[in-house]
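Let me begin by presenting the structure, written as structure tokens, before commenting on it.
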Amino acid sequence: MTTLDLQRLSPAERRYELDLLTAGYVHALDDGDLDRWPDFFTEDCRYKIIPRENYENDLPLAIWYCQGRGMLRDRITAIRETQLYAPRAMRHVTGNALVTECAGDGMHAVTNYAVYESTLDRTSEVFNVGRYLDRIVVEDGQMKFAEKLCIFDTSLVPTSLIFPI
Amino acid sequence: MTTLDLQRLSPAERRYELDLLTAGYVHALDDGDLDRWPDFFTEDCRYKIIPRENYENDLPLAIWYCQGRGMLRDRITAIRETQLYAPRAMRHVTGNALVTECAGDGMHAVTNYAVYESTLDRTSEVFNVGRYLDRIVVEDGQMKFAEKLCIFDTSLVPTSLIFPI
Amino acid sequence: MTTLDLQRLSPAERRYELDLLTAGYVHALDDGDLDRWPDFFTEDCRYKIIPRENYENDLPLAIWYCQGRGMLRDRITAIRETQLYAPRAMRHVTGNALVTECAGDGMHAVTNYAVYESTLDRTSEVFNVGRYLDRIVVEDGQMKFAEKLCIFDTSLVPTSLIFPI
């Protein structure tokens, strides 16, 4: 493991490293490997799932709000131990990442996503689409999400938002 | 802003620059930032939205046809000032871009896309899928679309094709 | 055509070459250019389409199973000459590829995909989503799939699985 220095990477290298981070992130979720999910975040991260309308009107309501990796771990424990839900598979397909800023110790990026949900006895369906607004820093020699906002496009709260987006 | 020279870029660099162009393009549309849309095109560009069946049979009918950046601007004005429609969010997820040719002053590329539409009181739905057939040149030191054909897969004209694809 | 040496490529170069392979693969399918499909595989390849549940439980049932490029060609002949189906267009949108291993003569990668189906008189619909689990080697100087597993997320066998995924 080599230590990354965001400022010394070329724009193309930064995008490549971000792609790796995002690919690792979505495959951990899609593989149901939820215990690995907090590892993609910094210790004092912020993770939110927000309807687009709220985000654009600066309304504070988030469907999910986690502050710090500890809260991410609590979420996973809750999903595993206290929630009841029919088995389902999630699948993320992400578009081109766009690094919008790289300054100081971090960079900002936006990436469109579509998440599909499949239950055993149904076909696959579009579950949630929107964009990730990420702030990425290097911690412990690796890129991590210091902030990840999942801004989804409907105002409807998904009826079955069990897993992270 | 440095001047790009398509012929001097490596294939990987060309693909990276194209990814940037496409990412900027789709985020301008998805952010509803329509005034920036014409900026991704050359002054004498051609922009068309065509059903796949027509395209494959060399039929001339396009659902949208714009010749020149001025017509793109007129379209945006029309959308803003004369059209009535329920608020909706569009979201583009694009696949891997494939540069199919790079010769002379430009390059050709194909990129699959899926566009999702979300209205306030509904879930997100697949709106239009197809491929971009792009011809890209450098103008004013930046990659721009000299031609962008959006070939969509159904023969049905989308009932609510309000925004560019 | 230059001969690729996977072990001498940087990780970013490997990912780029894999993107080219995948983009070529999906565009051959989406263009209906089925005769080119076997060319993306090695002579003694393995190609399978498997429901996720079977894959995760090590159940042997595959919806499609082809061993060797000859069987891929037979499949194409069968599709062209013996199967009856309404005309339809397929469209693949793939997410970020993640190379999970590169050792010896090959590399392994995982890529999420969403396939949309459009028939002439319908809108486009989500047809099949899942992930490609690929083993890629260099044969005849080009990257090819030595193994391609298409693990799809539902347990339902698609009612109209006519074309390769």
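Lettered A, B and C in written order, each chain numbered from 1.
Simple rule for what comes next: a contact is a pair of C-beta atoms (placed from the backbone, for glycine too) under 8 Å apart; a residue touches a chain by one contact, two chains touch by 3 or more.
Everything numeric in this text was worked out from a predicted model, so none of it was measured.
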{"item": "Fraction-based call for chain C against chain B, same above half, different below", "value": "different"}
{"item": "Angular offset of chain A relative to chain B [C-alpha, multiple of 5 degrees]", "value": "120"}
{"item": "Chain B and chain C: spacing of chain centres that average the CA atoms, whole Å", "value": "27"}
{"item": "Residue numbers of chain B (touch at least two other chains)", "value": "12, 93-94, 114, 126"}
{"item": "Interface residues, chain C side, partner chain A - complex", "value": "12, 15, 52-53, 93-98, 110, 112-114, 126, 128-131, 152-156, 158"}
{"item": "Chain C contact footprint on chain A (complex, rising order)", "value": "12-13, 16, 19-20, 22-24, 26-27, 30, 89, 91-94, 114, 116, 118-126"}
